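Consider the two complexes below, in which chain A is the common component and chain B and chain C are the respective partners.
And now, the complex of A and B:
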């Protein structure tokens, strides 16, 4: 019950924030901008439109996650919003989970809205609604939620701005881990390969979520891979929040 | 019910707010806060049975009063109806209509009353109030003071304050802190003047030399 109450309050507070409204307008602007690609033809009809939509939705979902995360965490510290909740029997885990879920639920909501826009648009243009294309949008949602969890985790031992910056840096690094592993496997010594493999499995690996080439080329995706990339963010988020809560609970409250 | 009101007194930095945070269990047992070593005998209170009113309105300003009630009730794992909210707001003298406005529109006195109403959710036995009267205008001060006197009848209150007159009106027991040390524990003195004398007996360390230097200038 405390987690649900916190989730609801966090989501409501974020929705009323002026910056959230700005982001929503920005999203509409991007969607409208993507429609400009309608008239361009690069061999396959509407390919550029699909590509632009996916890229802009990926960018927007992550932008939402980062700004929501920053807003929630900044409020926690600047307005000491944790002081009153912790006067109840609330645990650090419930606090972190409730605040995270409030922000994540809005990211998921935006993802579903994008899916709806895509479906309507594709139906109007008579593009076959290919499931992998839709799956890619859902994976961007998962990626944005994982990035949000990374920022929440980092904020348990860093200040909010540093947590955001390192969170974004980890997202960039995590995006290139597939290529890095491929490169080191081919060109570097075993010691470097082991080090990169450690990074590959320990750091949040955002390269798992990119199936845009399969989506755009209408290639199917194997079931095992699908199961893996859907469970990976869930497990990683739970582990991050759990370790974060353990760190957070060691801090004195209200200073 | 037999209730009592404990007033925490002491200079700025004496440790009143820290002691309240200690009551709330905000510090881990192995915390390196220097004051905690002197309070080994004082145990944190049972959070199920207490309500807390912080020094400042640390509330999410984007949420309405009603949403604050829902949040706090959720955190205390209890349900709250609109009637309960109306009852609590009336009890603290807050206009029920204000509940539908964001807290950012509230005055300081309204926020203070809302905080007290939130602390009263689930009818706790003990209310902890950290400087509930600071920064209020005389009207707000009067309202909160009469509210505290009314609450005194059926709740145990622990209040930290610098307002000696109010402290005397409210107190059954007095604790005085000086530089993190509990230097006085006893019943309320006979008069407000006696309480004032008791208070000034425990200045912050170094205050004497400051006084002497000031008189030389």
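And now, the complex of A and C:
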């Protein structure tokens, strides 16, 4: 299977990169830093520790996704790897999927490593392990993968740096979409409301992945919402890569 | 070069029709299932309820920012203890509202803030306004509506029957077993108010964030026990 071979090659090339090691060391520093919050108590025991862990893991997972995405796309241009779909039997879709999966697998791997660290730490501190908190970490992994797919999609018609910048900006916008919808519902004209609703449903909506308030306060999540949040990134990633491949296959070689 | 225009074959046309069907399915999935923060609202939220830019701009880190503001608020009160002035009350309310907008699920913060406003500042309306901040995000949280009823009965005499009736109806709509009937609530208010207020103050004292707050609460508790309310 060419996709699996490409995924493996991409993941191995990323792992051999010195920057990946730097990111790993940075992650260790962040985790150690979060442990400093053990002694703080703000009314709920270990709340600040859990909050710092969640925030740092969210930041790191997205940083991993953006760095890996940038690295893979930069190599595509530097080593002229984008000619592969045009010069071999590999389709544009398989090529894009293989390159994306290689980077996404490493992000998922880091997410699982964070889950392991959290499990050990929470077990030691006698905090409930199977809670919404762990689900939030999984959703950060999904969010990071979606952000990576957005950057891959944008790179099909933009240069690498612009794709990365717009990808990060879309992540920031996507986090504020639920608030924007609330705000326009209260203060703006119906035409603006419709426009914002279009943004809410069409742009990658990263606010769906944010259940940190429920996670930290151990509030339940409706099953219907959970099923949606887990299905959403899968569908969105498939659609983005599909459209990206269609655009890419129509792009003249060298552009 | 890829992408040279040529005449479409019937098979390609069908493949494109397939894509259209595929797009229609995906769009219907999002429109039908995507959770909207608006569709849960029991009643329209007034524009004054919405505040600030921190929540949308803080992205995934809004709960961490809420903790940061909680610590800042405690430190400010420790350094500059303000007692009973209207400015102090407004500052306290604004800080709590900001914290709860950033983390609406922070129930210890909500209970502390709402009880403090009702017990120390004797302002039940502001206390209700704080609960409403969380109800904007979780409109089906029946415990919070019960909390509002309890606050009304415990701190306002006579309690406003129309308001209590309205909240009891909301609980009915949520199919939540209503804890009391309206006339019972009014009787409880007359008989139990002082005891409930003392209980709340003791809870506040146990959960006070700073020594400055502890002193204020102790003074209020002392006033209440010696039946000399300070307003």
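Just so it is clear, the second predicted complex is superposed on the first by the 249 of 255 C-alpha atoms of A that agree within 3 Å, B and C clash if a C-alpha of one lies under 4 Å from a C-alpha of the other, contacts with A are read in each partner's own complex, and residues count from 1 in each chain.
Criterion: contacts are C-beta pairs under 8 Å (C-beta built on N, C-alpha and C of every residue); 3 or more make two chains touch, one makes a residue touch a chain.
The model shown is predicted, which means the values in this text are computed figures rather than measured ones.
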{"item": "Partner chain in contact with A:219 - chain B first, chain C second, else both or neither", "value": "second"}
{"item": "Partner chain in contact with A:55 - chain B first, chain C second, else both or neither", "value": "second"}
{"item": "Partner chain(s) touched by A:210 [first = chain B, second = chain C, both, neither]", "value": "second"}
{"item": "First (chain B), second (chain C), both or neither touched by A:180", "value": "second"}
{"item": "Touched partner set for A:172, first chain B, second chain C, both or neither", "value": "second"}
{"item": "Touched partner set for A:250, first chain B, second chain C, both or neither", "value": "both"}
{"item": "Of chain B and chain C, the chain that contacts the larger number of chain A residues", "value": "C"}
{"item": "Chain B versus chain C as contact partner of A:1, first or second or both or neither", "value": "first"}
{"item": "Contact residues common to both interfaces of chain A (with chain B and with chain C)", "value": "86, 250, 252-253"}
{"item": "Partner chain A, residues of chain B touching it in the complex", "value": "17, 21, 24, 26-28, 31, 33, 47-48, 50-52, 54, 56, 58-63, 67, 70-77, 102, 115, 118, 128"}
{"item": "In the complex, chain A residues that touch chain B", "value": "1-2, 4-6, 8-9, 12-13, 16-17, 75, 79-81, 83-90, 250, 252-255"}
{"item": "Complex contacts: residues of chain C adjacent to chain A", "value": "1-3, 26, 29-31, 33-38, 44-47, 49-50, 55-57, 59-64, 67, 70-71, 103-109, 112, 136-138, 207, 209"}
{"item": "Chain A - residues contacting chain C, complex", "value": "42-44, 47-48, 51-52, 54-55, 58-59, 86, 140, 143, 171-172, 175-176, 178-183, 185-187, 200-201, 205-206, 208-210, 212-214, 216-217, 219, 224-225, 228, 231-232, 235, 239, 249-253"}
